[in-house]
Each structure stands twice: as C-alpha cells, then as structure tokens.
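Working notes, beginning with the structure itself.
Chain lettering (A, B, C and D) follows the sequence in which the chains are written, and residue indices restart at 1 in each chain.
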Amino acid sequence: MTCKIHERVHALEDRLIGLRRDFHLYPEAGFTEFRSAAIVAGTLEALGYAVRLGPSAMDRSAMMGVPKKRELERRMERAIRRGADPGLVGRMRGGLTGIVGEMVFGTGPVVALRFDMDANEIDESRDEEHRPAREGFASENPGVMHACGHDGHMAMGLIAAELLAGMKNELTGTVRFIYQPAEEGVRGAAAMAAAGAVSGVDYILGGHIGFKAVRSGGFICGTDRFLATTKFDATFTGVAAHAGAAPHEGRNALLASAAAALNLHALPRHGKGDSRVTVGTLTAGEARNVIPARAVLKGETRGETSEIDRYMFDSAREVVAGAARMQGVDWAVEITGKTGSGQSSPELAGKLKEIAGTIGYFNPDDIALGTHMGGSEDFSHMMTLVQDEGGLGTYFMIGSDITAGHHKASFDFDETCLAPGVEMIVKVVMELMKEGINFSSKNSESDFQIDQ
Amino acid sequence: MTCKIHERVHALEDRLIGLRRDFHLYPEAGFTEFRSAAIVAGTLEALGYAVRLGPSAMDRSAMMGVPKKRELERRMERAIRRGADPGLVGRMRGGLTGIVGEMVFGTGPVVALRFDMDANEIDESRDEEHRPAREGFASENPGVMHACGHDGHMAMGLIAAELLAGMKNELTGTVRFIYQPAEEGVRGAAAMAAAGAVSGVDYILGGHIGFKAVRSGGFICGTDRFLATTKFDATFTGVAAHAGAAPHEGRNALLASAAAALNLHALPRHGKGDSRVTVGTLTAGEARNVIPARAVLKGETRGETSEIDRYMFDSAREVVAGAARMQGVDWAVEITGKTGSGQSSPELAGKLKEIAGTIGYFNPDDIALGTHMGGSEDFSHMMTLVQDEGGLGTYFMIGSDITAGHHKASFDFDETCLAPGVEMIVKVVMELMKEGINFSSKNSESDFQIDQ
Amino acid sequence: MTCKIHERVHALEDRLIGLRRDFHLYPEAGFTEFRSAAIVAGTLEALGYAVRLGPSAMDRSAMMGVPKKRELERRMERAIRRGADPGLVGRMRGGLTGIVGEMVFGTGPVVALRFDMDANEIDESRDEEHRPAREGFASENPGVMHACGHDGHMAMGLIAAELLAGMKNELTGTVRFIYQPAEEGVRGAAAMAAAGAVSGVDYILGGHIGFKAVRSGGFICGTDRFLATTKFDATFTGVAAHAGAAPHEGRNALLASAAAALNLHALPRHGKGDSRVTVGTLTAGEARNVIPARAVLKGETRGETSEIDRYMFDSAREVVAGAARMQGVDWAVEITGKTGSGQSSPELAGKLKEIAGTIGYFNPDDIALGTHMGGSEDFSHMMTLVQDEGGLGTYFMIGSDITAGHHKASFDFDETCLAPGVEMIVKVVMELMKEGINFSSKNSESDFQIDQ
Amino acid sequence: MTCKIHERVHALEDRLIGLRRDFHLYPEAGFTEFRSAAIVAGTLEALGYAVRLGPSAMDRSAMMGVPKKRELERRMERAIRRGADPGLVGRMRGGLTGIVGEMVFGTGPVVALRFDMDANEIDESRDEEHRPAREGFASENPGVMHACGHDGHMAMGLIAAELLAGMKNELTGTVRFIYQPAEEGVRGAAAMAAAGAVSGVDYILGGHIGFKAVRSGGFICGTDRFLATTKFDATFTGVAAHAGAAPHEGRNALLASAAAALNLHALPRHGKGDSRVTVGTLTAGEARNVIPARAVLKGETRGETSEIDRYMFDSAREVVAGAARMQGVDWAVEITGKTGSGQSSPELAGKLKEIAGTIGYFNPDDIALGTHMGGSEDFSHMMTLVQDEGGLGTYFMIGSDITAGHHKASFDFDETCLAPGVEMIVKVVMELMKEGINFSSKNSESDFQIDQ
C-alpha cells in the first residue's frame, strides 16, 4: 500500500504544483485570505468533508491584530474580483477566514492537520532570476507575497485531503483539516482554538517547508523550544506645542516612547529561562519644530516558557505606563498577537521518523528526530491544548532548497518537496488511524527534549 | 504725496488680491517655488528691474535641506504644466529659485526688501467655511498649501515693485527686491546671502502678515530675540537580525536613536541665555520582530544667541555620535537649516513707527515699536549681515485677522491688510531714499531691546 | 555724623575681626548653629535688644532638610562643649537656631537686616598658605568650614547692632536683626518668615561678601534674577535579588533612578523664561551582583520665576513617579529646600548707591547699581514677602579679594571689607530712619530690572 | 580501610571544628588573607608538603580587583598582630596570598584539591541567637565576616592534608592543595592558574558547603552551567560647574553613568544562550547644585558560555564609551574579576556518587549526581583548564543546614557536615590514586549535562 500512496501522490503532482502557483499568484495577508479560504472551503466540501467556516470556525473575540474594517472590505472585493465564491466570502466577513473540514471514517482517533494560509506584506521580486516572475506566477497583489511557503502548505493539504477522502476503507477514526489565517504575527490560532478547532483531537500535526531542514531531501520530525510570545502596539498620546515658544505647553509623546523603548530593552530578565524583548519599530512626531503629540511603538516579548513571556509582557506594560507618566501623556497597549511555548511529543516525532524512512525522497542521513525552534509559531498554542488534554502533537519541517531567506522578496522553494510532503502526511494519518496503535497514551507524561 | 501713494495702492488692490490668490492656488514647497519664482522674475524684468536668478542669485553650496533631484524635476515639470516660463524654470534647475531684482535711481542708499515664497507641506482644508475652498482658490497642489501668508508677501512685493518703478523722479538710491525660497526650516537665506543678495545694503526690511500683531489694523515695527537655530537630521544605520533567534547579530539603530532623543533633551543648558533642543520626529525600524537597522530623527537646537545655538548643536552632534557608539551603529548628522540670532535696529523701527502713524488703516493704539520673536526666521541671517556692515534692518509684522493658526489646514488671513502693507513698504522706501536722511549711522552701536 | 560713624566702626575693627575668626574657628552647618546662635542671642540681649529664639523665631513645620535628631543632639553637645550657654542652646532644640533681635526707637519705619549663620560641609585646608590655618583660626569642627563668608556676615551684624544700640537719639523707628540658619540649600528663611520674622517690615536688607563684586573696594547695591529653586531628594525602594540566578525576583531601584536622572534633565523647558534641573548626586545599589534595592538622588530645579520653578518641580515629581513605575519600585520625593524668585527694589538700591559713595573704602568706579544673581538665595523669600506688602528690599554685595572660590577648602576673604560693610549697614539704617524720607512708597510698583 | 578513614577523621573532628572557628574569628577579605594563608602555608609545610607561595603561587599581572596598596599594608599589619608569621606574611606582599602545597607519592595521577579562603565584607551579627556571637567566635575584624563557609573549606582542607600525608603507602601519584584567595568577585583563580597551579593536573576537585544541597545529609557530586562572568568598574570623569550659573561649563559624569546603566541593561541579548548584565552600584556627584564631575558604576556581565560573556562585556564596554562621548566625559573600564563557563566531568561526578554512597552521614536519597550552578565561581576557570588538557574535574556541594542565606550577617552552618566532607575528600583522592583506575580518559569528549 505504501507504494500505492507514492504512486497516487505522484499522479497528482502537477495539480499540486498548479495549486501552489495559483495561491502564489494571489497572496493574501493575515485575516484577508478570503480567496484562499474560499478555494479551500469549496474544495473540501466538494470532497465530502463537513466544512465549518465563519463564526463556527473562529471566535471573533480571540482574534488579534485584525485589519481595519475598510481594509477587510476592500480585500473581500478583491477576492471576489479574483474569482472567489461571493457566498463563501460573505460568510467570512470580519476576517473570519479560518476553515475546518472534517471527515469521519468510523470509531477511532481524531487526527488534526493544521495548515496556514497567510502571505507576507512584501513586494515580490520581479527579477528574471526569480522563477515566479520568470514563469508568470509572481504576486498579482501589490505589497503582498507568499514569501514563507504557506502557498505550498495549502496545496499539500488539499491534495492530502483528496487522497484521504478516497481511503474510506483503509482508515478508522476522524481526520480534521484546520486551515488557519494569520500565522504571521501569531494572531490566528487562538481564535480557531477558541471556536473548538482542536477539541477532541488525539493527534495534531503541523509543519513547514524549509527552515532548519533547509536542503531538499531533509526532514525533521519534531520541534521543541517554541518561544512563547506576545506582540503588542504601545501608543502614546500627548499634546503638541511650539518647540521654540511654548515647549512647556506640550506633552512629549516621543520622549515617552524613547524612554519606553530603552527601558523595555532594559527589563530585568527572568532567571528561569531565556527571554527576549524587542521594540521593532517606533514612529513619533509630526514636525521638526513641534513637541510630538503622538508616538507608536511595535514590540514583542518572548519567553522560553509561557510564564516567562507573561512576566516579560506584564513588565513591559508597566514600563509603558511609567514612561507615559514621566511625560504626562496618555498610553495604551494593544495585544496584536500571542502564543504560548510548546514542544513536540517525542513519541509522535519518533513515529514520523519511522515513516519518513520509508519515503525514498528523503535522504536517510537528513532525517532528524528533532530541532529547536528558536522562534515562535502559533501552532504551539493548538499543540499544547491537545497535549494538555492527553493528546500528542508534533511540528515537522520538510527540507527544501530555497532561493533566499524566508520573508525575502526573492524567496522561492524547490517544489519537488511538495509531493513527498503530501505522501508523508497521508502516511502518518494512515498509521495513526490503524487499529491497535499503542505507542501513544493519554497518560504518558511528555518531557521530550529534542536535544537529548 | 503720501495721499497719492494711498490712492495708487488702492487702485491696484484688486490686482494685489488676485496675485495673492493665484499664488495661493499653486503653492510650492521650499526650493520648488519654480512657478512662483518665474512669475516674480518675469514681472520684475517687465518692470525694468535688473534680475538675477539661478546661480547668480543663490550659492548652491550654502543651500540646506534641498529635496531630492527627482522631486525637484517633478516640481519643475509641474510648474511648467501650470504655465510657468520654461526658460526661466530651466535656469532654476537644482532648486535655485531665489530671485533678486534691483533698480537704481541714482546715488543714494541701498534699500533691500525681502519676501519669502515657499508654502507649507500641508493638505489644505476643503471645508465650505474655508474661504479659499469656497471661493475656488484653494491649493491645486496636493499636500502643499500657503498656510503662512507667504502668498500675500509675494503679492505685496510685486505691487510695491510696480509702484516704486514708477517713481523714478521721486527717489534717489537703489531698491533691491529679494525673493527668498525655503524660509520654512530656515534653509534659503544663507544661500542667497552667500551669492551676494545683501552685499552693499544700507537698509533691509522684512516682514510678516499676522503673528503677534494678529488683529487687522495692528502693526509692529521691529522684532528682537530671533532665536538662532540649527535644524538637523540624524541617521543611524545598524544591522538587521531576527529578534528571537539572533539578536546579537544585529546592531540596533532604534535603541541608538531612542537614547539619542533622550540625551539630546537632557543636554546641559547654557548658563548665558535661553536654549532649546527638540527631537520633533523619530522613525525607526522595519518590522516588529527584526532588530531595527535604520532610524532617523529630525531635530533642532535653538539659542538666545548664535553662540548658545552653536553650543547646543555641537553638543547634540556628540550625543548622536555617542548614542551610535553605544549600539555599534553608524551615524550621520546633516544640517538641513540654520540661522543666527538677531534683533531689529531700534532707529529703523522708530522710523517705521512714524510712518505707520500716517496710514489710516492702522489703529494708532495697535502700532507697537517692537516685540519678541520667540522663534526663528532666517531673515535674521540677512539682517545681521547688514548690521554687521554698519547698516540697519528691521522685521515688521502686519496685523491681520486670521481664521486659524499659522501652519494649520484652515489658515486664511484678512486680505484687507495687503494694500496697507504695500503702502507701508513704499512709504518706507521713499523715506529712506529721501536726501539728507540722517537718523542712521553706520557707526551707531545697536543695543536695541524691544522690551525696554 | 557720617565721619563719626566711620571712626566708631574703626575703633571696633579689631573686635569685629576677632568675632569673625571666632565664628570661623567653630563653624556649624545648617540648623546646627547652636553655638553661633547662642553667641548672637546673648550679645543682642546684652545690648538691649528684645530677642526671640526657638519656636518664637522659627516655625518648625516650615523647616526643610533638617538633620536627623541624633545629629542635632550631638551638635548641641558640641556647642556646649565649645562654651555655648546651655540654657540658650536648650531652647533651640530641634534645630530652631534662628534668632530675631529688635530694638524700637520710637515711631517710624521698621528696618530689617538679615544675616546668615551656617557653614559648609567641607574640610578646611590645612595648608600653610591658607591664612586661617597659618594663623590658627581654621575650623576645629571636622568636615565643616566657613567657606562662604557667613562668619563675616555674623560679625558685621553684631558690631552694627552694637553701634545702632548706642544711637537712640539719632534714630526713629525700629531696627530688627534677623539671624537665619541654613541659608545653604535655601532651607532656613521660610521657617523664620513663617514665624513672623518679616511681619511689618518696611525695608529689608541682606547682603554677601565677595561674589560678583569680588575685588576689595567694590560694592553692588542691588541684585535681580534670584532664581526660584526647589531642592529635593528622591528615594527609590525596590527589592534585592541575585543578579545571576533570579533577576526577575528583584525590583531595580538603580535603573529607576538612572531613568529618572536622564528624564529629569530631559524635561521640556518652560517657554517663558530660563529654567534649570540638575541631579547633583546619585547613589544606588549595595553590591555588584545584587539587583539594587535602593537609590537616592539629590536634585534641584530652578526657574527665572517662581512659576517656572513650580512647573519644573511638579514635572520632576512626575518623572520620579513614572520612573519608579517602570521598574515597579516605590518612590518618595522630599523637598529639602525651597525659595522663590526675587529682585531688589531699585529705589532702595539707588539709596544704597548714594550712601556707598560716601564711604572712602569703596572705589567709586566699582560701585554698581545692580547685578544679576544667576543663582539662588533664600533672602529672596523674605524680600519678596516684604515687597508684596508694599515694602522695599535689596540685596547688596561687598567686594572682597578672595583666595579661592566660594565653597572651596582654601576659601578666605580680605577682612578689610568688614568694617566698611558695618559702616554701610549702619548708615543705611540711619538714613532709612531719618524723618521725612519719601523715596519709598508702599504703592510704587516695582519693575526694577538691574540691567536697564 | 574505608572504615579506618572514617575513624581517623572522627578522631580529628574537634580540631577540625576548632580550626574552622579560628578562621571564623579572624576573617579576611579577598587578597588580604594574610593570616589565613600563613596558617595554611605553615601547616602544610609542617606536614611535609612542598609549599609554593607569593610570586611562585600567583602571577601578579593576572590578579583582578586588588585592594589599594595602603589597604594591603594595613591588613598585613593586622595579620601579624593576630599572630601570623611575619616572614610568611612578608612573602605575600601585594596580596599574593595564594598557597600551593604538593606531596608526591610516586608515579601516578596528579589530583588537585582547591579551597577558597576569603571572607565577605559584611558586619557579622552580634545577636545572641547567632551561635558565633553566643559562643565567642564571631568576627574580630570589623566589616569582614565568613558568611559563605570558606572558613569551613579551609579547615577541611588542612585536616584532609594531614590525613593524606600519613598515607604514603596507600597512595600512588601526587596530591596538590590549592588555597585560593579572592573567590568572591571571581578574582583570584586566574592569577594562581597563570602561575601554574593547575599545570599537569589530571583530576581537580572543588566544592562548597551549603548552597543547592542545603540540608545536612545531602551531597551533590557535580555542577554544570557555571556562568562565565566579567566584573568591571566603569569610571566617568567630567568637569564640575555651578548648576545654576554655568551648567554649560560642566561635563556631566552622572548623566553619562545613568545613560550607561540604562543602555547596559538594554544590550541586545545573545541568541545562543542565556546572558546577564547588571549594574549593581552607581555612585555619582558631589553636591546637589554642582554638575557632577565623577561617577563610578560597578557592574557585571554573565553568559551561559564564555563566548556569550565576552560578547556581553565587549558590548558593555562600547556602551560605556558611547555614554561618555554623549556627555563629553572621560571614561575607563577596569576588569575586577573574570571567569569562564564550565561544567563538571560526568565520569568524575559519577565516581563521587559511588563514594558518597559509602559514607554513612549522607542520606542516600539526598545524594544527587548533579545540579545547575546558575551563578559563577572561578573554580570553573581552573576546572576548564584541566579539562582542556584532557583531565577531569568536578565541583561538589556538601549539604549543611544553614541559619541564613549565604552572604547574610547571621549566616552560620551546621558543623557536623565538616567531618563527612573531609572523609569524602580523602576517599576520593584515595580512589583516584588507586592503580588501574580506568574510567577516565584524556581523550573522552565530555558533553555532560547534569539535567539529562
């Protein structure tokens, strides 16, 4: 059967690549994936999956960093212009672009597969050397680009969904496809989880093209040390005044923000693990000779554990408040993204290692049990929820030669990794749904550390 | 004769206002006053003035805060599109938009009159209550607006030039019209002075509509305590890096700029007089999760004397350098504007007071000898050069009801002040050119202080 | 009579210098002038003055920057050991060392003379070149020294009191001697004023040896631009923690104080006049490897007007509060000294100018009407109170060659200035008490500016 | 034989405790351990050890944070007054208080034992509840106290030396006692290593009473994650000036130090592991109203690896330099202590675990293979040097009930732990010197991590 899977995937490879290129052509930023999600929802529905979308797939109150209403509306119009089903798009109003598609194959474990859909706010390269430009599938949406491979993720998911839908007789249990918006900025997972996306899940898998298993042929089965993170915008509002004649009539928001930036970076660190705090951008003031009345800084905290991130963020908030008081200005801190720490379940990663070994594409020497994340991904939020309920989860990485770093304007990946990725996904689901599987136990205490 | 002047001005009032509204319709920011300057040059030439423009009117090396080449070219094209003489515009390439027009009436004193031409980078109000919008002369140039009255200044100058040109028999000496670009940001006077605009001048007058003599009917004859000022941009260039995975590989330009902003404001003040330092805007960073590689702050120093401003600016430069070193980033400080301190000559202000009393429009109770400036104007640069050579200078203010503060989107002024302004200018020139005038002495030591 | 005064003073010159040297030998810092004050009180009483001391001379609640109780007690013991009257010292318990001595010569104006008594917390030089050391009157009190000439002030006052006491027949009105503690740090005047020291005063005079009229033979009759000032201690209290193992358990008082120091200096300045803010000392932390739990900074604000100083101090307090919040530490701000702005009455200064011209010691070319203070002295508090009630006041400076700057360990002054100083004081009091004096008017509005 | 060791140690327990109490009575701070070292040297010499002291035991150029010459001299005098051998003390001039004592028992491995000698700069409690006070062995040296147990370490070493000296026939190899000064502040190890203290060493052991194995009966066999650390003093030297009259004439060292403190804490962290930076103390300024001309801050950096600490310290130095430049002040950074990271050799820790199990005093449940250090100890410097040459090292912790945290004024430990400590040391040396030992290999690559 394993061979048959390989052949079946192979037969669909052109369509797989075509799907990826279509998504690449029309990239959509976080919470505006109206066209992408409409395609996903339509496809899953056509395959027989029970599809949830809109409010039944996402809890509006848990969404973070949502674009302004007007922006959302323009993006809905664009999606429809690009051929998306207006009915489906209409149900996603407000940026509710998450999709859940589920198929039940009888009693058995619930296996969830999570894919991310959003693109990056980058202008794609138009260089001849950049294949998407040369071959005509570079972004048609100015200022947005799939520079992180989520186009490939979506495509793999849909082909895997098609293959699994045709295996009714070979499977027992439930397979659930979770298509998440706004992974960039860790903004979307919480809202889907809050609406029940991972309820009842026994196994959850997520993954990524490229990253640490960068070379084509590599595969990493699990990831630990996802950093917990909180993204925030701090706004300072003061009073403008003429800098020469009446500085005392002003309230200086720029100085408050500068003091905040410095003191945020100077926060005492947590003794129990690594932490980060970064002010990534700062924009303040209106004119050279006016006491600045407004300043905005965009920052983030991170922590080796969720507790450490919470300590860092809570401290950061006080720094903002104190800096504002120093200058007598008003302040506000808005959370625009947030996820907890996490680590893959070692048993599940081990299972993936076995399966990866059966796939010819992967170079045996380049199949690794695990790696450190060293960054943040809100898959960790879903994975931890599943693990907290006794389930298992893992985050894998599919090696792929890339032409530039992730999030760069000339990023592209080696599409030959897509088919083996689908094969891997399908085989893992099959394996987990096989009767009698017993390596997992809801009672096992996971203290997996990849670096052991 | 005084009566005759009044009548002659009155007869030209409609044209005066029309000129002002034409300038208002097509406002041009500093160093892009191509259309305005072409009109000025063409008009003066037609009246018989010897006109200098381009390199003969401005020393390119002394220009500060000049827009980028491409911006200048687009503005030249716009000026021509708006009907400016292409030949004249072509001679102003590079932003050399200053104009000097001179007429000699025989041996006698050289009287210079300085007008500023630039508009503000503001979107003009389109409210029905805003007369320029209601009456159809609001700015046609998006993002630029005459919100400081320079349109009125230019118009008064041209009508005064016309009147004086017709007084050959009544005058003895030389009258010189100086039309200066880029007064906003104190960027243009130095380049005109460096090209000789005030060489040989015995008397220099400049003035402004509105400001401290805000009410229509008011007139202030002289101004002291022009603050010396230096405008500067400080740029910090570091190295970007991923804020989660490799912050140590970055060099943080944002933190350097924040430290600079704070420490600039914390500079020890000068014991010998008032000083100011302001960081008006700060823009830093590219993305929330990237160590910021670039930051720019726009600031200014001011001083009660030029020496104090120099102390403040020199200290500011060291703060920038030190802040950069703290973060291991590169730095640059560019001076984008600069002028010295200054004060009007009391004898000349006294002369204006006498003359203002002869003009019916001005309310005798609202004619003041002097006021404090409390701000900066690069007329002080020209005035001080004239005074240093033994000449006299003064800066007057023509009262005018205004609809909003200077530099506001709904700024407008009471055009009834324009004609009396022209009358005042013409009469002062006539008085200064009268034979036998002796209140001025190149040897008199000026220690005028308005507040005595 | 003028001649006679000169001769009488001359006859007492040795005693005058002896008194100064005795005070110099036993210097006492602010609010610990127990021996000095006991001598003053005893002498005035013996001369027939009505003497108020202790609570009747000082309002305890208005004292600022008072030493700790234990310190006060040790200083009382020292004073008694040095020969002070234990009864008098006992009445000054708590640092109530101010003395008021008054003598009534019939109906007439009330003339107050104010002298300061405190020494500086400096170790006096023991160099052979330092005359007090060489001639054996250098400080016997370690760590305290008369380095500002208050020893001379006290001596002049006592001799003047003696002379005036003997002029019953020549005078009409009341003369009041105010001996103030704790002028350094502007801590003592408010408490004496609050207890009525300047109530009912028509003329008040205070002065200083040296300063701007530095050379012997010089005399300055009035002073303006006393800067209003507030002295304060800011204390930050956090939580200590091991800097390596558990920094997050600490609350960093040092960082709060550092942020406060920077942001205090960065306060937006007042547009209506000069201001200052200085953090003079900062002491924080316990050990290199412990999160610092305590920090203290000593600072001051100043303003050209009392309003500006109030703005600066109120802003400073908010900076301290905000800096504390940034680090989650507790804070307190204690005012340790405070005085308002002030300026001498020009009529009174003019009167002094006339009188100074009659004293041979003063070089006519070196007698000046006035000068700027450029610093703070809490005499301005008393003077302004008198002026607010329609009285007149002035602050004079008696030129004296000095061997080092004020407040230096090798400071000494030329004692030949003392006798002319006494002569001046006596003559001014006589002149002000002469019948028919009419240059002063309680209704005259004083807008004296020395620099006119 | 094991039994016999126990009995022999037991027989010496009173002397052991007596020694500890004698050291406790006369504590000496880092580099002033003249009396302690003289006792150590004299004792070892008397036992037959070859003793190196003075320049042959310490390389003067590698000493860090050495007290001033005058302080050293006063401490030498005190030591002699307290009965130390003047000849020995004289050879330690300059603070060269390290002692190396070696005994050769024939061919075999070289086993080094390191003990630290310095006390803390703390006033010892005089409370009745504090046993040293109650029983009369509290510190006789004001301001110095053995509050970290080094008195116990020294005593254990001397008794162990006595026992081992008597085992000529049972041992083969070399035993080397290293008595190190100035462990506090990690200042002394480098100078002893530079003079060859660990040259040729095959096994090195160091240890501590209390800490993580706090309870009596506990024992920890090895320690990893010694943080690399650099201790430094940064000095800023500016120019004083009157804060009211002439702030521009000053150069503000306090502001430079405050900016440095903030920006030190704000240093970008290293992505490859944990780091710390702390400014523990800051002292700046002379008087409230004087621009501060001098500031000193005492700080430290730490890193999970020596490379990270080097990154932090190098960055810190630039912050100091930049902060100084911002204020135009001079700066200096002096390293006052420094050690690298380190981790115990797991094979050696394992060997200790076996041996600890044979000692009845230790509770089997409280014998742990390892722990994280989470702090710094310059034993790591010596241990790493030994490991780099292929040797093995470990740092053990002897449990002991303590009455207060280390470095507290009421710190005391349970002396019953001393004898088992000696027994442990002796047995380990015996075991390592037994013929045929083969668990160690100079070629084994150690990647021990305690937490595995």
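Here is the rule we use: a contact is a pair of C-beta atoms (placed from the backbone, for glycine too) under 8 Å apart; a residue touches a chain by one contact, two chains touch by 3 or more.
Just so we're clear, the structure is a prediction, and the values are computed from it rather than from any experiment.
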{"item": "Degree value of the rotation bringing chain A onto chain D, based on Cα positions, nearest 5", "value": "180"}
{"item": "Winner on C-beta contact pairs when B-C is weighed against B-D", "value": "B-D"}
{"item": "Centre-to-centre distance between chain C and chain B (centres being mean Cα positions), rounded to whole Å", "value": "49"}
{"item": "For chain A paired with chain B, centre-to-centre distance based on mean C-alpha positions, whole Å", "value": "53"}
{"item": "Separation of chain B from chain D, taking each centre as the mean of its C-alpha atoms, in whole Å", "value": "69"}
{"item": "Chain A residues counted as touching two or more neighbouring chains", "value": "242, 244-245, 247, 252, 255, 259, 262-263, 265-266, 268-269, 271, 276, 291, 374"}
{"item": "Sites on chain C touched by chain D in the complex", "value": "185, 227, 229, 231, 242-245, 247, 252, 254-255, 257-259, 261-262, 265, 276, 278-292, 295, 298-300, 302, 374-376"}
{"item": "Chain C-facing residues of chain B, complex", "value": "262-269, 271, 273-276, 374, 452"}
{"item": "Contact footprint of chain A on chain C as seen in their complex", "value": "242, 244-250, 252, 255, 259, 262-263, 266, 268-272, 291, 311, 315, 318-319, 321-328"}
